[in-house]
Amino acid sequence: MIIERIVSDGLAHNSYLIGAGGEAAVIDPRRDTGVYLDLAEQHGLAITHIFETHRNEDYCVGSLELAEKTGAQVLHGAQMDFTYGVPVRDGDEFSVGPLRLRVLETPGHTDESISLVLTDTRVSRDPFLVFTGDALFAGDVGRTDFFPDRLGEMAGKLHDSLWKKILPLGDGVIVCPAHGAGSVCGGGIADRPLTTIGYEKRTNPALDMDRDTFIRFKVAERHYYPPYFAVMERYNRAGPPPIPARTPRPFSPDEVAGAAAKGALVVDIRGPSAFAAGHIPGSLSIWQRGISSFLGYYADYTHPIIFVDEFDCGVTDAVVQARRIGYDLISGYCAGGMTAWARSGRLIGRCGTCTVHEVDATRYILDVRDIDVRKKTGHIPGSAHIYAGQIEGHIDEVPRDRDVYVICDSGFKASLAVSILLRHGYTRLTTVLGGMTAWMNAGLPLEKEVAPLMGAA
Amino acid sequence: MIIERIVSDGLAHNSYLIGAGGEAAVIDPRRDTGVYLDLAEQHGLAITHIFETHRNEDYCVGSLELAEKTGAQVLHGAQMDFTYGVPVRDGDEFSVGPLRLRVLETPGHTDESISLVLTDTRVSRDPFLVFTGDALFAGDVGRTDFFPDRLGEMAGKLHDSLWKKILPLGDGVIVCPAHGAGSVCGGGIADRPLTTIGYEKRTNPALDMDRDTFIRFKVAERHYYPPYFAVMERYNRAGPPPIPARTPRPFSPDEVAGAAAKGALVVDIRGPSAFAAGHIPGSLSIWQRGISSFLGYYADYTHPIIFVDEFDCGVTDAVVQARRIGYDLISGYCAGGMTAWARSGRLIGRCGTCTVHEVDATRYILDVRDIDVRKKTGHIPGSAHIYAGQIEGHIDEVPRDRDVYVICDSGFKASLAVSILLRHGYTRLTTVLGGMTAWMNAGLPLEKEVAPLMGAA
Amino acid sequence: MIIERIVSDGLAHNSYLIGAGGEAAVIDPRRDTGVYLDLAEQHGLAITHIFETHRNEDYCVGSLELAEKTGAQVLHGAQMDFTYGVPVRDGDEFSVGPLRLRVLETPGHTDESISLVLTDTRVSRDPFLVFTGDALFAGDVGRTDFFPDRLGEMAGKLHDSLWKKILPLGDGVIVCPAHGAGSVCGGGIADRPLTTIGYEKRTNPALDMDRDTFIRFKVAERHYYPPYFAVMERYNRAGPPPIPARTPRPFSPDEVAGAAAKGALVVDIRGPSAFAAGHIPGSLSIWQRGISSFLGYYADYTHPIIFVDEFDCGVTDAVVQARRIGYDLISGYCAGGMTAWARSGRLIGRCGTCTVHEVDATRYILDVRDIDVRKKTGHIPGSAHIYAGQIEGHIDEVPRDRDVYVICDSGFKASLAVSILLRHGYTRLTTVLGGMTAWMNAGLPLEKEVAPLMGAA
Amino acid sequence: MIIERIVSDGLAHNSYLIGAGGEAAVIDPRRDTGVYLDLAEQHGLAITHIFETHRNEDYCVGSLELAEKTGAQVLHGAQMDFTYGVPVRDGDEFSVGPLRLRVLETPGHTDESISLVLTDTRVSRDPFLVFTGDALFAGDVGRTDFFPDRLGEMAGKLHDSLWKKILPLGDGVIVCPAHGAGSVCGGGIADRPLTTIGYEKRTNPALDMDRDTFIRFKVAERHYYPPYFAVMERYNRAGPPPIPARTPRPFSPDEVAGAAAKGALVVDIRGPSAFAAGHIPGSLSIWQRGISSFLGYYADYTHPIIFVDEFDCGVTDAVVQARRIGYDLISGYCAGGMTAWARSGRLIGRCGTCTVHEVDATRYILDVRDIDVRKKTGHIPGSAHIYAGQIEGHIDEVPRDRDVYVICDSGFKASLAVSILLRHGYTRLTTVLGGMTAWMNAGLPLEKEVAPLMGAA
C-alpha cells in the first residue's frame, strides 16, 4: 500500500495519493498535478479516483486537470452544486485496488465537507485511516466562519461530525488532514505530519469541550478572509482554468519599469533587510515562502505580476506558489534580480531597519501580526494594530507625520506592511527585524489585553 | 515535526529520520548514508542521535559512517557488547529538540532489541509514536529463531515485550517498524507503510494468541538464514568497514571473461526470459531487485563481482544493493550489457522456458519457493522442493539425466536456481515463466501437505 | 555566451539553444520543449527566436509549441509555403542580445534549407559558428533523395550550398549540424559532437569530390524512407498538434489482452533474448532505444500503442521517443512488465536464439541490416536480404516451410524482423544474438557483392 | 565521441571529460569529483587517464581523489617535481579508446604547463581539438606573472608556446581552455564556451602582437595574487588532502555567537542590500557566487567558517565553493538564516546604502574595483582606490572620521570591503548599490588616468 502525503508548503496544504494493486486515488489535488502523475508512474498505479473533501477556499484545486490527464473520476460532497464531477453521500464506497474508501459526510467547515475512511480488504473490515479534510486537524479543528449568519449552526455541525462520525472510528485510526501547521484554515494546527484519533482525543484542545462550549468557542473565533478566497470559491465550484502555457520570462530593468508603468505589480520576494536597503520603487514585499499566503491579499487577477529576487533563484518557486492560488497573469521576473535593477542606474526605494532594542517607544508602533497571536502573546505597550493583510483598508489609521515602526512576528509581514505604506506615500518607516519573537527573546516589556480570547457571555 | 521513512527496497528495510527544533535522530541507518544527510540539510536539522533498535543481521548498519559525518552519538541496547557506541537501558530518555525518545527494552528477536517511544513535549507527555525495530511489524512480529537452543525463551521474551511494553502504550500510538512486506525478517509482514497499536491489536494474527500459543507458534516457525547473515552480525557488532572509494568500472567482454577465469562472479541482473535465451556462461541469475535478497546466499566476500544487464541501466542500483549487504569487492559491469558480450562473438549460455500450460507432469518438477509459501498455497502434484537459496547444498537431489522444470512464485527465483544448476553442469533445464502464480491463475491442479503449518503438540 | 546542444538520442537529432545578454534563440526544437525552457530559465534568457533549418522529415518539430510558451517568433526558409512562421531569405540578420544570426540559404537536402551563421558583435564581425542543419554533418553531408525526379538537381544544389556558402566561411568556424552519428538523415555521420569547417575540409570524404563526382555519388546513394516520414512532412509544414494531456497509464494483463484484441499494438521494448524466450503473442519487438528509429516503419497513427518492458523502467522513455515522431495515441503500458503477463497464466510467445557459431548455413538465413552496411562489410554466403523496416512488404520472399535464421548488426533489428514474421504466422524462427558484429569478431566467412557501392554509369 | 566541459562557476574553471570506445580521460579535474564519475558511468566509460595541464594556483586539483576512485593514471608536465603522478614530455602520446592525446609542452604561464592535442584515429591523423590549459584562452592568453624575477622570460616562453606549438595546429582545430570569462587567471577572457585557433587568430588581441610587443605587454600586466594561491600551490604539488567526511551542520544563533567568540569566521552570503540593512556583527560579506573568488583573500585555513544566508538555500553551494579552494574547516551555517539571528533578539550590524545619484562627491569615495577595470573604464573624480581583496593591508588609508562611500562594479565587492571596514571599527560607511555600472548607465561624470595601461618605454 502506497500512502504519499504531498505538501504545498506556503499553503500548508496536504494532498494525498494512496494506492495498491495497480490503482490509486488522489485526495484534494493541487493545480500543479505533475507530482501525482510521477508518483503513480513510479509505483505502477493508474489514478482512478479523485476526491475533494470540500470545495477549497485557499487554493485552486487540480481535480479537473488531473482528471483530464488520467481519465479518473472526480468525486465531491453532494451538499454543493459543483458544475463538474460526481456527488457522493454518506456510506458510498469506492474500490481502489484492494482498498476501500468510504464516504462520511462531515459538514461544519462547509456544508459539503466529507471525510474518507480507508480500509484494506486484504486485512480486515476495520478502518485503518481517515482523510478528514478540514474537519479535524492535528491539534485543531476546521474553521466554521465562512457563513457569518450561520456561525452557531456550522459549529454545531462540525461538533456532530467529529463526535458522531470521526471519533467513533476508534483510537487506532490514523488521521490525515488537509492542512498542517501554518495554514490559514486553522489557528492552532500542530506541527506533526500525521496523527491518530487516539492521540487527538488525548491532546487536541478542541476535542476537550462539550458541545455548547465548543460552539461558543468556535463562534467567538476570528479568522482572516483574504480577498482571493472569493475567487478560489468561484474557480473551485466550476473547475479552475488550466494553467496557461506561456512561461514567465526574464525582463530587463527597462522592461520591468515599462510594465510597472502600465500597471504590472512588482513583487519583491527577498527578505525584509534586503527590501529595506534597496528595492524597486512601488514593489510589494512578500518573501518567497509567503507568496501563497499573502499575494492573495493585495494582488488582483487582472494585472500582470513581475517577481524580483536577489539572484533569481527563488523565482520559479514563487511562480508555482502564485499559480496555486490562481495567478496566471505572471509576466516574468527581473533578470539578474535586484542587482540588475541597481546596475541600471535607476532609482531605488529604501526604508529603515532596527532591532527590538532600538525601537523608540515614543514613536508610532504598528503591530501587523494576526490579532489572535497578538492577544495570546501580548504586545508592545502602546502599539497600534492592523493585520498585515489589511493595511490598505485601514491606511488612514496610520499617521503620515510620525516615525512609524512596523513589527510582526519575525519581520516578513512587517516588510509587507511597510511596502504597502510606501506605495501610499509614507516615508518615515522602519521595519523591526526579528519582530516580536526577538522582542520576547530580549525580555522586553509586554502588555496583554484584559478581554479573554473567547467571550464568557 | 519531520518524520521521514527511508525504505531500502530489496531488503524491505525501514530506517527513519525524525526531527524538530533544529535537531534530528536517525533510527537504524543503512550504510549509504547520503539520504539522511540530505534530509537533515533540507530541513535544517543537525543529526545528534543515531539509534540502532538491535544489531541487524540482514544488512550493514550505517551508524558509524553517519556518526563520523555528523558527530552524532550512536546508541544501542545494553544487552550486547558492541565495540562502539553507547549502551542504553529501559527508561533512558533522549532529547531531540522538543521531542523525547524513551528507550523500551524489548528483547525477543534478539536480547539487545530496544524500542523507542516518541513524545512531543510541546504537546503532552503522551506517547505519540513508537519505533519497534524487529519486535512488532504491521501484521506480524519479529522472528525469534536466531538462538536455536533458546527458541522458547526468546519467543516468551518477545511476547512479554509486546504485551508488557509496547501494546500498553495505547491504541492511538503510531507504530514504525524496521521492516515492511517482503523482508526476510518476518514471514507475513503486511503491505502498509505504517500502522498503529490499535490497528495491530485488531488485525495482527500474532497478537491474537495467548502466551503459550504464541510461544508454540514461534517455536514451530521456520525462516531461512542466508550465509551472509553471519558476516553482517560480525560487521554490525564491531561497526562495518567504510564503503570503499573505488567505483565499479565498465569491463569489455574480454575483461569480463578474463576476470571470470580468475574467479570473479558474474551476476546477470536481467529477468528470467532474457537469461534463458542468452547469458554469459557461468553467470548467476539474480534479477536487479533481488540482489540484496539473494546475492548473500551464493556470493562470498573474497571474490570480485561483475554485473551484467541488458543495457547497463540497472547496474548502479545493483551495486548499491550489494554494498548494503557488505559486498565491497565489486569490480564493475559488462559495458554495453549482454549485447556487448553477444557482439564479441563469444559463447552464450541458454536454457529453456515454458509457460505453466507446457509443464510436463511426467518430468522432474523442482519447486524453489519458500517452504512456508509452498505449504500455505499448495504445490504441483509430484513436484520436489529445494529453496532457491539452498540449491547448492542440495545439488545431489536434482537428477542429471532428466528434464528438469524449475518453478517458483513468478520466475525469478527459478532463474536463479537454474543458473546454479547450470554452473554445476546441468543441461536439461527449463524455467517456468510466471511460476506458481501463473499456475494458480490458470486453475491448474494443486496438492497440499496434510501436516499443519504449526504442530499441534 | 551560452551554446547548448540538446540531443534526442534515438533520432541522433541535435537541437541548439544559444544566448547572451538576456536573449536566446533555439534552432530546430523538438516537440518536448521543456528542456529549452529549463535552459533558458537557468541562464536568465528569454527565448526570442526559433529557427527551423528546414522542414524536418524524421521528427515532429516543436516550434509552434515553444512559440506558444515563450512568445518567440518562428522563422524558416522562404522556399516552402509553411502555414505558420515567417519566411527568411539569404542575408537576413537577427539579433539575439549581442549575438547575430545571419541566414544562408543552403538548398540541396530540401529546397527551403537554411544555415545560420553566428557572430558575436562584442568581438568582431567574423563568423564564429554555423548551424548547418542537414547540409553539412561531421563526416558526411545531407541526403538529397527526397525528390526522386530531381536527384541530380538537388545534389548539385547541395554542392553549391557547401562550396559557395558554407565552406567559404573559413576553416576556424565551428560547425553545429542537425544530426549526429546514427541518424537516418545521413549514412556516414561521424561520432563527434561538433566539428569545424577546417576539420571537415581535411577529413570529410564528401568534401573531397569535384561537383560532378559529388552529384554522381549522391544520385547513386540509397536511403530508407520510413512510412512515418510522410506524416512528419505533413505535420511540420502545418505545425504538429500539441502533445496530448492524457498520460499513458498502467494496464493489467487483462486490459492489455483486451486492448490488443481491439487493435492496439503491443510493443515489447526489451532486448532480443528477453523477447525470444517469452513475449506477449502478437507484440512487436523494438528495443527501448530503437523506438524513434523503427516504430515509424510499422505503427500507424490510428491504433493505440501499449508498451511492455521487463520492469517498466524504460516505458517513460519509450513514450517520449514515440511522441517525438508524433505517436500520440499511446494508451499505456503493461503494469509490472512481462512478469505480470507471465504471472497471469496467459499464453506466451517464443522463438529461438543462437550464437553465430550455431548458424546452420544450410538453412534460410535472412540478413535484415541496412543494405549499404551489407554491401560495405560483406554478408554471410548464401544469405537473403530484406531490410528490417521492410519485412512486411516483402513477406512473401521468406519461406514458411524452412528454418529461418534472422541476423542483423547486433540482434535488435533481427528481433524486430522476427516479431513481424511471428505476427504473420511464421514459427521456425531463430534470432542470431550478436549479429554480424559477432560473426565478424568470430572470424566467420564473408561474401562481398561485386558491384561497387556507386554505379559507374 | 564524448566531449564534456564541466564548469566550476565562481572560479570560471573548465575541466573536461573526453571519451570513446569505453575509455575516458579527464583534464584538470576539480576536487569534488562526482561529476566525472557520473558522466563516465552515464556513457559507459572507464576513466583511464587524468591530465593536469599545470599545477593550478586557483583551486585544489582533484586528480589524486579521482585516481583513487578510478584507478586512472595521473599525468602532468615534467618541468615540476610533483610528489605524485607521472611526468610527461613533448610528443608523448596516450590512447583513450580510439582517441589519442599528444602532449605539447607549452610553458609560459608556468614552466610545467602542457597542452594536449586530440586526434581521432578512426578519422585521420589531423588534430581535432587542443586542451590549452592556461596558455590560450578565448580572447586572451594566460598570465605570466607568477615569477616576479622572470617576467620577461615567462612572457617569451608563452609567446613561443603559442606561435610555435599551438597556432601551427591549424585554424580548424577546436580550442578548449582551462578558464572562461571571469577567471582571475586572465584579465580579458571572452564570454564563449569554446573557440578555434582560426577564430582566435582573427580576434584575440594578444595574438595580434609581435614577440617584443607581446613581452612588453605581458610584463606590464598586473594581476592580483590572493593569499590562498600559496596554499593551493603547496597542495597541488603534493596532492591535496581528501575532502573531510564531516558535513557542515546547522547552528543555532547561540552556537553561531559562541563559535564566533572563539574565532570562527561568519561569512554572510547574501547580497549587498540584505547585508547593509542587517547582519551578524563581525561577519564578512561575500555573496554566494563570490565565495571561491573572494574567500581566499580573507579567510585563513585554521579557523572554522560559518555561513549565513537569508533562507539557507545557498549554503550548500557556498560549502562546495569553499571546499574547491581547500577550506575544509567549515563548521556549518546559521540555521534559519539571518531571520533566525534576528528573531533571537541579538544585536545586528548595519551600514548605509545609496544609489549613484545620492553619492556626495565631497565625501570620501572608495573605489574597490580591480585596478585594471578602473583604469580602463575611468573612475569617479576624486575617488580613492583600494582593491576589495586588499582592504585589510591598506586599512590605514581609509579615514575613520569621514563618511565613506564604497563603490565597485555592481555592489558586491563594495559590500565585502564595507564588511572588512566594519570589522575594523569603521562606522560611517555606505555601500553604493549598482556600483560603477549604475554610475555609467546614469551618465555621471568620469575621470580617466592619463598614464596608459601599458607603459610606452
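Think of it as A, B, C and D in the order they're written, each chain with its own count starting at 1.
The definition used in the following text is that a contact is a pair of C-beta atoms (placed from the backbone, for glycine too) under 8 Å apart; a residue touches a chain by one contact, two chains touch by 3 or more.
Worth saying up front: this structure is predicted, and the values here are computed from it rather than measured.
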Each chain counted as touching chain B and chain D at once: A, C
- prompt: Could you give the fewest steps needed to travel from chain A to chain D through chains in contact?
  reply: 1
Task: Specify the chain most distant from chain A by Cα centroid.
output: C
Where chain A and chain B are represented by their mean Cα positions, the distance between them in whole Å: 42
- prompt: Which integer distance in Å separates the CA centroid of chain A from that of chain C?
  reply: 48
Query: Can you list the chain B residues touching chain A in their complex?
result: 1-3, 20, 120, 122-124, 126, 128, 139, 170-174, 190-203
Message: Touching residues of chain C toward chain B in the complex: what are they?
response: 270-279, 288-289, 310-311, 313-314, 337-339, 341-345, 347-348, 350, 353, 355-357, 410-412, 433-435, 437-443
Query: In the complex of these two chains, what residues of chain B are touching chain D?
result: 22, 37, 40-41, 44-47, 68-71, 245-247, 249-250, 252, 312, 316, 332, 335-336
